[in-house]
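Letters A, B, C and D mark the chains as written, and numbering starts fresh at 1 in each.
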Amino acid sequence: MDFIEIIERGEAEIHYIHPDDFREYVRDKKNREMKDKLMDEREAVKKFVSNGDYLAYDFSSLTRGPQSLIREIIRQRKKNLWVCAKFTLLETVLLSGAGCVDKIDVGFLGFGPYIARKVQNGEVKVYDWSNGSITYRLVAGAMGIPFIAARNLLGTDTLKHSGAVVVRCPFSNTPTALMPALNPDVAIIHVQEADIYGNARVYGPTVATLETAMASKKVIISAERIVETIEFRKNPLMTTLPYYLVDAVVHAPFGAYPGGTQGYYEMDSEHYLMLTSIADDNAMQKYLEEYVYSVDNHEEFLAKIGMDKLKQLIRKAEILEGYR
Amino acid sequence: MGVEFTDTEFMICNAARLLEDYKTIFVGWGIPQVVAILAEKLYTPNIVQVFEFGSVGHQSRTPFLRGTMGGPTNTYRAIQWCSMNLAFSYAAAGYIDYGVLGAAQIDRYGNINSTMIGDDYNKPKVRFPGSGGGNEVASFCWKTIFVMAHEKRRFVERCDFITSPGHKMDGKTREEVGLARNSGPYRLITSKAMFDFDEETKELRLIGVLKGLTIEEVIDDMGFEPLVADDVVELEPPTQEELKLLREDIDPYGLIISKGAKFKVEI
Amino acid sequence: MDFIEIIERGEAEIHYIHPDDFREYVRDKKNREMKDKLMDEREAVKKFVSNGDYLAYDFSSLTRGPQSLIREIIRQRKKNLWVCAKFTLLETVLLSGAGCVDKIDVGFLGFGPYIARKVQNGEVKVYDWSNGSITYRLVAGAMGIPFIAARNLLGTDTLKHSGAVVVRCPFSNTPTALMPALNPDVAIIHVQEADIYGNARVYGPTVATLETAMASKKVIISAERIVETIEFRKNPLMTTLPYYLVDAVVHAPFGAYPGGTQGYYEMDSEHYLMLTSIADDNAMQKYLEEYVYSVDNHEEFLAKIGMDKLKQLIRKAEILEGYR
Amino acid sequence: MGVEFTDTEFMICNAARLLEDYKTIFVGWGIPQVVAILAEKLYTPNIVQVFEFGSVGHQSRTPFLRGTMGGPTNTYRAIQWCSMNLAFSYAAAGYIDYGVLGAAQIDRYGNINSTMIGDDYNKPKVRFPGSGGGNEVASFCWKTIFVMAHEKRRFVERCDFITSPGHKMDGKTREEVGLARNSGPYRLITSKAMFDFDEETKELRLIGVLKGLTIEEVIDDMGFEPLVADDVVELEPPTQEELKLLREDIDPYGLIISKGAKFKVEI
C-alpha cells in the first residue's frame, strides 16, 4: 500500500473537533442574520461561556486584552476551563488563581511565580506548544481543514509534549509537523470598534483575531466604541471580523484595563505591577476579592479604579496615527 | 579610568554590535527589544524589526516601555501591521535574517530551554513561561542570537527540556528532524563571553571574553567545557556612548538594563 | 511501522521547489535593503522574467490585472512560460497567442474559443486545478511549508489531473487532499499605490496579492501611483506588500488597461469585446502586431488608445469610497 | 395574456425565488450574480453575497456590469474586502449557506463538468474554462444550486470530466471521498424544469416543470431518465415584476438575460 511514514507523535491530549462537526455547529448556531447582539459582560458570559469550555483569547493583558470579560468569567466562577494561553500574560494567572482552569495549552505561560507553582503542584495541567504552533492550529481551524503542515517544534521536547504529529512530506520528502486544527468552544476578543451586529475593527497588530474568531464556536467581543454599520461598508478592507462570526457584542470602554488599547489609553503600570507581585494564594484571593468578586460589573470596577487614574491613562495615549 | 555596567548592559551592547544593517530581525519581548533599539540608534539604522504579534519595520520610540510591546510607542510607524501567522510566515519562508532570544538553559549544540527545570515534566522543579514564539524564532530565522546570564547551572549537557532547537538534538541534525537547512543558532552572548558554533561539529565555541576576564574564569562558570577558538578576542565593555543612550534615552527607568550583577572594568 | 495511508495521487507534473531551496533563494536574492527599484516595464521584464519561468499574476484582465507587464512580456517574446492561470481571463489567451506559453496550471482558463483550440490542438499543455487549490498552493508557498491540507478537489477528475495527493488524516481519519506548495519563479502584480522601494497597497478585494508575492522568487509590481514611504508608515494596516518581497516597481498609470483599476478608471468594454472576439490566429496576430509589437512601450500604447478614451474611463470611475 | 422570456430569465427568476433571506451565498461570475441581485431586490433583501476573489456582503449597484466583477459597482459597500483564501475559508469552515454555479454537463448525482468534452483529456473535443472556483463552491457550500440550459446532451450518465463534486462520484459518497458531511447539490434549475436530489438515493429528481410543459417533454430532452417526485409542481414563468427589474434595472443591456431561446407562456 502507498503510505506516508509517521516519524513521531506528540503525546498531549488535544482539544479536537472533527471539521464536519465544527461545520455543522457553524451552520446551525452561527446566525447569518444581522441582529442586535449588544449585551453586557454578565449576560454575554452567562450565555456563551460554559463550565468545561475550551477558552481562547487574543492578544495580551498588556495590550487590547479582553480583561473585563476575563473578570466576568471569574466573577461567575466558571469551572474546568481548558485555556489556550498563546501570547497572553496575566489572564491565565488570574483565571487559574480563581480556580476556573484545569488545563492550559501553553504558548507563553507568563508570568510570575504564582502560576509556576500551580503547575509544579499539579493544580493545573499544562501541554506545551508554542505561540506559532497554536496560531497555526487556529489557522487550520479557521480554514476548515483538519490539520496544517508546519516546520516548527521539530526536534524538540516541546513537540513531544504537544499533540503534533511528524510525517515525511510526500512532495519534499522532508519530515514535517502536522498541527491538528484547533476549534475553541469560546473566544473572547477586545476590539477598538464594533457595530451592534458584531462587525469589528482592530487597529494595530492583529495577532490572530480573525483566525480565532473564525475557528471558535462561540465568540464574544468587547469594544471600546460602538459604531454604525456604514462605517464598515465605507472601508471594507479595514473590517477585521464580519458580524456572522460573532455571538455577543459588549460595549466595554477600558475593557482592556489594566492593559492598554491603542488609540484609547495606555496600560496602568502600577496596577500591573501589583498583579505581577502576587506570589501566593493569599495575595491572589485578596486581589480577586477586592477587584472582581466585590464589584458587580465592569462599570463598578472602573469606578473603583477612579476617573483620575483613567484620565491619566487616556492622557498618555497621545499617538493616534494608524489607529483612526 | 573605569566603566561600570550591569550584566544586562554588557549583553545588550554586544548583541547590538553583532547585527548587520539592512537586515530583518525577529525581536522577542524585553532584552531583545532593547538590543534592537540600541542597534538602530547606533549601528544599524536600517535594520527592520519584526514582532511576532504582527508588526514589521516599526521604529520604536524611546523611552522603551517594557509593558506595552504591542502598544503605540513600540510599534510606531511600522511598515506593516499584520497577523501573527503572517509574521511567522515571513520567518518560515526565509525573509527574516536574525532572531534574538533569551534562554534559561543552553547545551553545547545551542538547544535552549525556556520551559521547565527538573526531570519530571509533570512535576517541574521550576516552571518557566515556555516557548512563546521562541521555538519559531529558533526554527525559522537564519541566524539566532541567544542572550543568557553566564551561570554554571545554565550550561548543561542536555537541557532538562529542549524548548527550541539548536544544531543537533539528541544526536540528530536540524536537517534530519526536518528543520530548515542552514538556519539555527549563530551566537551566544553571556554576561561574560561570546560563543559561536563550530562549522564542522556545530558545538558551542568560545570566541570572546569580557575584557579583564580569562578564558579559564569563563569556562569555570560553565557546566560543560566548550570548544575554544584559536583566537579568542577581548570583548569590549559597553562604551560611554552606548551606556548614555541606554540609560538616558532608551531605558531611563532601568526596567531592563538594571538587571544582573554589576561589573567594573578598567579601560 | 506507523504510517498514513495515501488514498490517491493526482497525475500532473507540478512546479515544485523544496522549501529549503526557496528559503535560500529568499535569503540570497530578496534584498532587505530599502533601495530604489523604480524602472520601466522593459527593464523590469528584461531583468526578472526569463524564458522557461513559471509565471503567476494576481487578479484579472477585468480588474487590476498587470496588463502593461503582460504586453511587455509578449513584446520581449519570452518563451516556454508555465503560466498559473488562476482567476485570470485574457492574459493567458494573449500570452498563448504570442507563443510565450508551454504549460498552464488552470484555475479558470477564460475565455473564448481561441485558447480552447490551442488546448485541443495540444499547442499548450494544461493541468487542471481550481482557483481554490491554486490559491492554497500559493498560501503554502508563502508560509514556507511544503504542502497544505484542503478539502476540495476530492472525488473529482480535477483531482486526478492535478498534482494533489489524498491521504487519510491522522487526526480526523477523513480523506484529506494535500496541495503541494507553489513557489512561482516570477509574479507580476498591479497595485494602486507603491513607493519606490516596493511597499504596496491594494484597494478593493485582494485576491492573493500577498501570498503570490511572498511565494514568488521574483516579483514585479506596477502601480498607478508612486507615493512616499511615510504613507505606509502612517497606516500600517493598509500595507498589502512590504518592500522586501518586491524586486521591481514600475510606475504604470492605466497599467491594468483594458481592464479597470478601482478608484482610477473603469475597464474599456469596447477594447475588451475586440479581444474576446479574437477567434483565430490571424486575428490574434493582427491584434498583437497593432497593440503590442508595433508600439515601443506602455506610454506609446496609451497614446494609441488615446486620451479621449482614457478620459472617458476615468470619468466612469466615480466611486471612490473605500479606495482612498 | 402571455409573457415572453428567455431561458436565462426563467432560470434566474427561479433560482432567485429559491434563496432564503438572512443567509450567505457564494456567487459565481455572470448568471449567479444576476440571481443574487434579483433576489436581493425582490425576495431576500438581507442575503449576504460572497465573491471568491474576496468580497463579502457587498450591495451590488445596478445596472449590472458583467465585465467588472471585481470593480466598484459590483463590490459596492461590502462588509469586508479580503483575500481569496479567506473567502474560500469562510466556505470551508461552514459559514456559507448557498452556492450558485453554472454547468456544461451534469449527471444523475449532481456531478458537474465545466472542463472539457471528449474522451481524451489531452485532446478534448471542446475545452471549457475549467473549475474556476466552482469546485470549492460545490465542495464547501451547504447547498449548491446549479443553473443549466435544458439540453439533452448536457444530461449524461457520467460526466466526460467531473470538475466539481455531486453526491456520489463513481459510486463513492461525498463522505467516503472526504468531502464535508451533509453538503452538496441542492437544486438544479434548467430552462425547463427544477430538480432536487432524492434524500435516500441522492439521485436527480424532477420536482417542477415550466408551466405549459409536460413531464414527458422535459424528460425527453434529457440524456437519462431522472427520478420523478410524486407531486411535480408547475414552475411559474418570470413575473412582470421580475422581468421589469431584470430588463430595466439590473441588466438593461441584456448582457446576461438575453441569452438562450425565447419562450412564451400563457398566463
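We adopt the following convention: a contact is a pair of C-beta atoms (placed from the backbone, for glycine too) under 8 Å apart; a residue touches a chain by one contact, two chains touch by 3 or more.
No experiment lies behind these values; they were computed from the predicted model shown.
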{"item": "Most distant chain from chain C by Cα centroid", "value": "B"}
{"item": "Pair exhibiting more inter-chain C-beta contacts, B-C or C-D", "value": "C-D"}
{"item": "Mean-CA-position distance for chain C and chain B (Å)", "value": "40"}
{"item": "Chain centre separation in whole Å, for chain D relative to chain B (CA means)", "value": "58"}
{"item": "Separation of mean Cα positions, chain D and chain C [Å, integer]", "value": "28"}
{"item": "Geometric centre distance via CA averages, chain C-chain A, whole Å", "value": "36"}
{"item": "Sites on chain B at which at least two other chains make contact", "value": "55, 75, 77-78, 81-82, 85, 92, 140, 180"}
{"item": "Residue list for chain A, restricted to those that touch at least two other chains", "value": "19-20, 144-145, 150-151, 174, 176, 204, 206, 210, 234, 236-237, 321-322"}
{"item": "Touch-based graph of the chains, sorted into line, ring, star, complete or other", "value": "other"}
{"item": "Contacting chain pairs - touch in the sense defined above", "value": "A-B, A-C, A-D, B-C, C-D"}
{"item": "Chain D-touching residues of chain A, taken from the complex the two chains share", "value": "19-20, 22-27, 30-34, 141-145, 199, 210, 214-215, 230, 232-234, 236-237, 239, 242-245"}
{"item": "Of all residues in chain D, those that touch chain A in their complex", "value": "22-24, 46, 48, 55-59, 75, 77-81, 85-86, 89-95, 97, 140, 142, 180-183"}
{"item": "Footprint of chain A on chain B - complex, ascending", "value": "51-55, 67-73, 75-78, 81-85, 88, 92, 111, 115, 121-136, 139-140, 159, 161-165, 169, 172, 174, 176-180"}
{"item": "List of chain A residues in touch with chain B within their complex", "value": "59-60, 62-64, 87, 106-111, 115-117, 119-120, 122, 126, 128-133, 135-136, 139, 150-158, 161, 166, 174-177, 204-211, 260, 262-263, 266-267, 269, 272, 317, 319, 321-323"}
{"item": "Contact footprint of chain A on chain C as seen in their complex", "value": "1-6, 9, 14, 16, 18-20, 140, 144-151, 165, 167, 169-172, 174, 176, 178, 180-181, 203-204, 206, 234-238, 321-322"}
